[in-house]
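Multiple structures follow.
What follows is subunit A paired twice: with subunit B in the first complex and subunit C in the second.
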Partner chain A sequence: MLRVENLKVAYGHIEVLKGINFNVEAAEIVALIGSNGAGKTTTLNTISGLLRPTSGVISWKGENINRTPVEAIVASGLAHCPEGRRIFPGLTVRENLLSGTAARPNNRKAIEEDMTLVFDLFPRLKERIKQLGWSLSGGEQQMLAIGRALMSRPSLLMLDEPSLGLAPIVIDQLFDRIVELNKRTQLAVFLVEQNSAMALEIANRAFVIETGTITLSGPASELAGNPRIQEAYLGG
Partner chain B sequence: MRISPYLALVAAGALSIPLLTHDNYVIQLLNIAILNAIVVLGLNYTTGWTGQINFGQAAFYGLGAYSTALATKFGLPWIAASFSAILVVALASLVLGLPTLRLRTHYLAMTTIGFAEIVRLIIVHWEPVTGGTSGLRDIPGIDLLGWHPQGQIQHYYIMIAVLALAVVVAARIRHSTVGRAMIATKDSEIAAEQSGVDTLRMKLLAFMIGAIYAGIAGCLYASSIRFISPDSFSGTQAVFLMTMLIVGGMGSIPGCVAGALALTILPEALRFLGQWYLVLYGLGVIGIIALLPGGLASVISVRKLRWGHPQ
Partner chain C sequence: MGQLIVNGLALGSIYALVALGLLMIFNTVQIVNFAQGQLLMLGAFIGISSAVTQELPIAIAWIVTMAAMALIGIVFMVLVYLPLRGRSPFLVILTTISMGIVLENLALIIWGPLPVSLPSPVHGAPLRFAGVVISMHQAFTFATLIVVLTLQFLLLTRTRFGILMQATAQDLRTARLVGIPVQRTIAVAFASGAVLSGIAGLLVAPTYLAEPTMGGSLGLKAFVVSVIGGFGSLPGAVIGGLSLGLIETFGARYISSNFRDAYAFIIMIGVLIAWPRGLFGEKTSEKV
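And now, the complex of A and B:
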């Protein structure tokens, strides 16, 4: 569904992605793990159109989206839930969710149905429906950011560090929800995480990125058992 | 719409003011305050909701006033003149906005200051047409299909009607997809784009709607006061409008109206202090900004919190 071929991205003269290849298929959960500065967020930002590649191909549902405008990429079913959540603090929970529908046709009934789905998944959001974004806790903000991304009706959801800054128990709940979502709606998930243990637990497949190059890939369970991974990312 | 009883009270109060006073000076002051409120509501689209700093709002106000004055003096019927004035302002905002809204915050502030200065220089130096620093006199009045409002009170009701329309339109837009997209653009441009919002289009739209508000107010100013001069639309006026927005409460519709009314009426009310009024005025503005960072509008929400109804 998503195929990335020989993707290179540079900030000025500094090459951050040095030709990476990977793919994500329908209904899969794929994790991209790596340490700080390895190029994880750059990969996501390039796929969603916030950055442009210097070379290589990003192919989405068979089409090259290297130069497609950000809004058109969202409209085509590729949603990006950004690092650090970036919810809209001045809008209510409901308005935050509605702003996720900006790229789709204004069909009120379908939008309300999708909002019900988000509230089924994260009942806490429903309790806070009229509260302004800034007044939510970190975990609730993350739920809201994911909910907002879901409101664009994606077929692939890209999550950038959803566990960042959250308490372990909240992370557990959040990851349970992500799995539930994937099972229930067949939504493909591309998960970028520093919390490798959690990511490998829920993913089907995973890639390891180190300074702009993919160094390992395979089924998540296999990677979790790999001694090198255990040493570098899972704390021995 | 839980505040509708308050809204009804405010509307009733506004409509009954001319019954309480026949002092032309007071009504004229209110008319100016209402026009300022319309201009500030326009500024709120760009600065309050979309988060772009705009010091060109007074220039759009002036552009609307001068276009109306020149068109009516030329002999165009009032309705046609006001429509063409609004069109001129809309086009000017499109031409200014299209290249500059890609710029961020302080760069945009500088270009809008530059634009305001260009408009001012043209008005001052194109004397045969604009009358230069001495302004334009004997501008034809409002002509609504043969009805010529006379006196301050009739004009007052026209202004109130236009302000009410401006408020209703602003409230409808605020709670529409477009309004949410504007605030999303202010809160996080990146996240707004990732949610599928075309942020450049939103900024341009906010800028143009805001300019049109200023244009409508300028048109009413020229046709009701019937005398205009560059002073009324200067850079000082632009800063003044921004102050009204901040004191009233960025992003709040009642705040915009309250800020414009307060800061238009206050200097007149303090006039008995002579030269000292500016000191008190300045202290008052600083006091509001320091004690109520959300502006006058936050008084309402603070009271809500005390009553145990967090928003």
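And now, the complex of A and C:
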């Protein structure tokens, strides 16, 4: 469904992605693992159109989206839940969710229905529906950021370090929800994580990125057993 | 006394309208447009050109002016905002100030330095209550302010497009990321901000006459009014505007008319000492 071929991205003259290849198919959970500065966020930003590649091809549902405008990419079913959550601080929970519908038709009934689905997934958000974004806890903000991404009705959800800064128990619940969503709706998930134990647990496949190059790939269970991974990313 | 209140509120309505236009732009791009007063001046002169020079019916002149102002707002965005997007806010603010000067000189060349008048869109005998006279034009000015405030409030808080405009203001990059067509929300903000200024110009010109330099102090006062109200707040801008109109009118009558233009700044400093966020400054945990 998403196919990235020989993707190169640079900030000025500094090449950050040095020709990476991978794919994500429908209904899959795929993890991208790497340490600080490896190029994970750059990869996601390039796929969603915030950054443009210097070369290579990003193909989404069979079409080259290298130069497609961001809002058209979102409208075509590719949602990006950014690093650091980035919810709108001065908008309420409800308004933040509504902002996620920007790229789809303004059909009130359909939007209300989808909001109900998000509240079913994260009942905490419903309790805080009128609360302003900045006043939510980190876990609630992450739920809201995911909910906002879901409001665009994606077929692939890209998550950038959703576990960042959250307590282990909150991460557990969050990942349960992600798996549940994937099982129930066949939503494909592209999960970027630095702390990879959890990611490898829920993913079907995984890739490891090191300084802009993909160095390992395979079924998640296999990677979790790989001694190099255990040493570098799973704390020995 | 009653008469002073009516006159003060009529003047204050103008300040409030310019401030609402200022907020329309600020609430989407976080930039204070210091040429807002010059946009008002353009509105007044375009109205005069249409109604007086071209002899169009006044209602048509209003429509022509509003359409022209929407266009001018977009051109303003293309010339001032787009080239400097992402640069230091100071640079953008300085550019809006320079743009104001350019517009003023342009108006001087096109329309000349002499004050001109514009007919009011409403006629008829003034309303009288207990010795207080409310001219039809004053009544029309209040009504316009109420309509504009209501429409703007509904747009920003009750429509999806308004929410998207707010999101654009709060985090431009994330707004793009979630699929908001930010180019469009920003264009609408500039267009409607300019239209609001234009309407204020059309309302000022029948009472105070129009001249190319009329915008400078009006634009600054609109800024002051927004600061008093708590920058970003619509009710704050309106209450700030009306209060300033009252203070100036009463001040000119009972204290001194020489200081008329200074009251605004004295009050602003006073309010900011007492309430650093302005009267209606935001930051509450719930929104109703």
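The definition used in the following text is that the second predicted complex is superposed on the first by the 236 of 236 C-alpha atoms of A that agree within 3 Å, B and C clash if a C-alpha of one lies under 4 Å from a C-alpha of the other, contacts with A are read in each partner's own complex, and residues count from 1 in each chain.
We adopt the following convention: contacts are C-beta pairs under 8 Å (C-beta built on N, C-alpha and C of every residue); 3 or more make two chains touch, one makes a residue touch a chain.
Just so it is clear, the structure is predicted and the values come from calculations on it, not from any experiment.
In the three-chain model built by superposing on subunit A, subunit B clashes with subunit C.
Of the two partner chains placed by superposition, subunit B and subunit C are both touched by A:Pro89. Residue contacts after overlaying the shared chain place A:Val74 against subunit B and subunit C alike. After overlaying the two complexes on the shared chain, residue contacts for A:Ser99 are found with subunit B and with subunit C alike.
Of the two partner chains, both subunit B and subunit C are touched by A:Leu50. In the superposed model, A:Leu125 lies in contact with neither subunit B nor subunit C.
In the superposed model, A:Ile20 makes contact with neither subunit B nor subunit C. Comparing which residues of subunit A touch subunit B with which touch subunit C, the overlap comprises 48, 50, 70-71, 74-75, 80, 82, 86, 88-91, 95, 98-103, 106, 130-132, 135, 148-149, 152. Against subunit C, in their complex, subunit A makes its touches with residues 48, 50, 70-71, 74-75, 80, 82, 86, 88-92, 95-96, 98-103, 106, 130-132, 135, 148-149, 152.
Those residues of subunit C that touch subunit A in the shared complex are 160, 163-164, 166-167, 170-171, 173-181, 282, 284-288.
The touching residues of subunit B, counted against subunit A in their complex, run 177, 180-181, 183-184, 186-188, 190-198, 251, 310-311. Within the complex formed with subunit B, the subunit A residues making contact are 48, 50, 69-71, 74-75, 79-82, 86-91, 95, 98-104, 106, 130-133, 135, 145, 148-149, 152.
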